[in-house]
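Sharing a structure here in C-alpha cells format.
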Amino acid sequence: MYELFKNLGGWLTSGAQWSGPDGIAHRLAEHLQYSLLATLVAAVIGLPVGLLIGHTGRGAFLAINLASFGRALPTVGLVVLVFLASGLSMWPVYVALVALAVPSIVTNTYAGMTAVDPDVKDVARGQGMRGHQVLFQVELPLALPLIMTGLRLALIQVVATATIAAYVSFGGLGRYVFDGLAQRDLVQVLGGAVLVAAVAIALDLALSGVQRLLFRHRPAQHA
Amino acid sequence: MNRRTILGGLFAAATVPALTACASGITSLDNEGGAASGGGSSKDGVTIGTANFTENQVLGYLYAAVLAAAGVKVKVRPNLGTREIVFPALKSGDIDLLPEYQGALLTYLAPKAAATEEGEMQNDLTIALPAGLQVLPYGLAEDADAFAVTRETARKYGLASLADLTKLNGRLVLGAAPEVKTRRVGVVGLKEVYGVEFKEFKSLDSSGPLVKGALKKGDVDVANLFTTDTDILDNGWVVLSDPKNLIPGQHIVPLIADRRADSTVRKALARLGNVLTTTQLTELNRQVDKDKKDPEDVANTYARQHGLAR
Amino acid sequence: MTIDWSWISGHTDELTTLAISHLQAALTAVLLGLLISLPLAVVAHRVRPLRGFLLGLSNVLFTIPSIAIFVLLLPISGLTRTTTVIGLTVYTLVVLLRNTVEGLDSVPAKTKEAAKAMGTRPLRTLLTVEFPLALPVIMAGVRIATVMSISLVSVATYIGDGGLGQLFTDGFQRDFPTPVIAGVVLTILLAVVADAALVGVQYLLTPWKRRRA
C-alpha cells in the first residue's frame, strides 16, 4: 500500500503525465466537460419539474416514484443499451449521466418547495401576488438551500460516474481507471480515482461557495 | 496453506488408491487441497476462469464440458477480465484453470522471449511460469493477434505488411484493448521490431464491438483483432502480414494450477486439444457472436458431436 | 432494437440465479454498512469534534468512482464476492451514517432527560429510546442505500461479478440488446420489491406510528 501511494506521487507530479492527448490536463478537461454538460441538462429538465410539482402539488406522487425508479437504473446497463441503439457516440454517456442526475434534482427541489411554510405563501397571495410571483419571489428563494443540495449531490454523482465514458471508448479521467484495470496498473487506477474525487470535491466546494454568495444578499429571509 | 488443507492433503495422499477407484466422485470425504508431493487433484472440483472475450468463454465451457464428462466437478467463472487481471487470480487460487494462448502468455511472462516455434515456446513457458502453475500440452487450434486495416485504407496507402506502416509513421491511429498499449504484441513490439509509430493509441476492446465499430467508422486506421473473428472476412478487412514474426504462434494451451492438475484433467483436456481445430473454433465463435447462442450450449453441443462428452 | 423473447424464456433459470446473486450482494453490503454506521453514528452524535470528520470522510469516499474501488481492492480480496461487497459497503456509508446521525439528533432532549430521570442507563436509553425514535429517519436512509446498492452491483461486472451486470457486458460484447434490457428491467424490479419490503419492515418495527398514520 505504501509503495502504491509513493508511486502515486510520482505519477501525479511527472510533467509527461500532464501533457499530450493522453495527459492529465486533457483528460481533466474532458471529464469536466462531460460532467458539467450532463448536470446542466439534468438541471434544465429536473428544476422545472420539481418546481412545478412543488408549486401546484400536482403529480407529486408520480414524479417522486419515477425519481426513485430512476435511482435504481443501473448506469452500466443504460450505457450499454444506448450504445447498442446509437452506436459509437457520446449519447450513451450523456443519457446515462443525465438519468443519474435528474432524480436527485427533482426530489430535492420538490422537498424544498414543500418545506416552504404554507402561511408564508398565503400572506404573499393575500398581498396580491400572482401565482408565478409567489413561485419566483417567495417559494424559490426559500426552497433554494434544498435545491442547491440536490444540485450538489447530482454533480458529485455525475463526476464520479462520468468514469464510465471510458468504457465506451471515450476519454475523461475514467480512461486511467479502465486502462489501469486492463493493464493491472494500480497506480494509474489510483491516480484516476484520486483525480476524480478531487474534481468532485472541488466542484462541490465551488457550488457551496455560490450558495453562500446567493444567501448573503438575502439576510431578510433568514429568520 | 492453512492447517486444514495440510491435513486434507495428508489425508488425500494416504487414500489415493481408494479414491482413484471411484472416479465418479461419490466419496464425500473431506479432501480439500490434496496437493500432496507435486501431484494435483481435481477431486474437489476445478474452477475455470475465462477472460473477457467470446472465444475465451467458449473455450472455458469446452474445458468444462470435457472435464464434467470425465467426472470432474467444474465451475465456470466467465468474463473475469484481461490476462493482467485473470492471471493473478489463478496464482491466488480464486480460479484453477484458464484457457490461454501460447505466444501471448509467453510474452506476458517473459517480454524478451524470442521463441516463435510451438515446441520451444512450450519449453519457455514451463520455465517462465511461477511455481504452482503449469501449462498442459497445447492444442491444434490457434488464434493469433492480427493487425487489420479496411480494404480502402490498404489500397489507398498500399499496405500489405506491418513493415509498410512505417511509411505512415505518426499519421495513423491504432485501436486496440487498453492492455495492448503496454504489451509487446502491441505498441511496444511494433515500435521495436518494425519501427512503427502511431499518431495516437485509442483504448478500445479485445476484438469486440468498440474496436470493430471504430474501424468501420474510420475512427481508427489500424485495429488489433483476433484471427478467429469472423468479422474480418465478413467485412473484407485486410490483415497485415508479419514478416519479422513479431506475433508469436498462438496455439491454445490450458494453464492450470499444480494443485488441480491430475491425470483425469490432463487426459480430458489433451483429447479436446487434439480434436478442436481453428476452423471449428472460429465457427463456434460465430455461433455465439452472430447467432446469439450461449457459449455454454455451443460448447456442450460441440463436445457431444465430437464424442468428447455424452 | 427488438427483444428476443425466446432468449428470455430459454434463460429464466440463469436470470433467476443472477438476480438472486445480485440481491445478495446488495443486501449484504447494506447490512454491513449498517453494522459499521450505527456505532459510528452514535460516536458522531455524541462527540461533536468527530462528527464533521466522520461525515466528511464518508462524503469523500462517495466521490471515488466505484469501479476504481473494486480494482484497488483486487490485491487484497481478489476476484471474489468479498471485493464486490466491500466496494458496495463503502457507498452505503454516506447515506446510512448521515441519516442515522440525523435520526439521533432528531430525538428531543426532553425525552432523553425523562429517561435519565427515570433512572434508565445510557446504553439502555440508546437502545430502547433513542434508536426507536430515530428509526423513521434511519429507515429512510436504509431504503435509499438499498436502492443505490442494487443499482451499483452491476459495476462489479468489470471484475467478473456483478450479478445482473453480467448481462450488460455480455450484451455489449455480442451486440445483443435482449440480455441488457432484461438486466435493466430486473434490476429496477429488485429495487422496487426491496424498497416495498423495507416499507413493510418499518411498519412492523414502529407499531406506535400506525395509529397516527
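Lettered A, B and C in written order, each chain numbered from 1.
FYI, a contact is a pair of C-beta atoms (placed from the backbone, for glycine too) under 8 Å apart; a residue touches a chain by one contact, two chains touch by 3 or more.
Bear in mind the structure is a predicted one, so any value in this text is a computation, not a measurement.
Between chain A and chain C, the least number of touching-chain steps is 1.
By number of C-beta pairs in contact, the leading pair of chains is A-C. For chain B, the chain with the farthest CA centroid is A.
Measuring from the averaged C-alpha position of chain A to that of chain C gives a distance of 20 Å.
Rounded to whole angstrom, the centroid-to-centroid distance between chain A and chain B, based on C-alpha atoms, equals 41 Å. Chain B and chain C have Cα centroids separated by 37 Å. Contacts with at least two other chains are made by residues 81, 85, 88, 209 of chain B. Residues of chain A found to touch two or more other chains are 83, 178, 181, 184.
Shared interface positions of chain C, i.e. residues touching 2 or more other chains, are given as 74, 157-159, 169, 172, 175-176.
Residues 68-69, 71-78, 80-81, 83-85, 156, 159-161, 163-164, 167, 174, 177-178, 180-181, 184, 186, 189-190, 192-193, 196-197, 200-201, 204 of chain A are the ones that touch chain C when the two sit in their complex.
Those residues of chain C lying in contact with chain B across their complex are 4, 7, 11, 74, 78-80, 157-160, 166, 169-170, 172-176, 178.
Of all residues in chain B, those touching chain C in their complex are 49, 52-54, 77-81, 85-86, 88-89, 92, 94-95, 205, 208-209, 288-289, 292, 294. The touching residues of chain C, counted against chain A in their complex, run 1, 60, 62-69, 71-72, 74-75, 144, 147-148, 150-155, 157-159, 164-165, 167-169, 171-172, 175-177, 180-181, 183-184, 187-188, 190-192, 195. Residue ranges of chain A in contact with chain B, taken from their complex: 21-22, 83, 87-88, 166, 168-169, 175, 178-179, 181-185.
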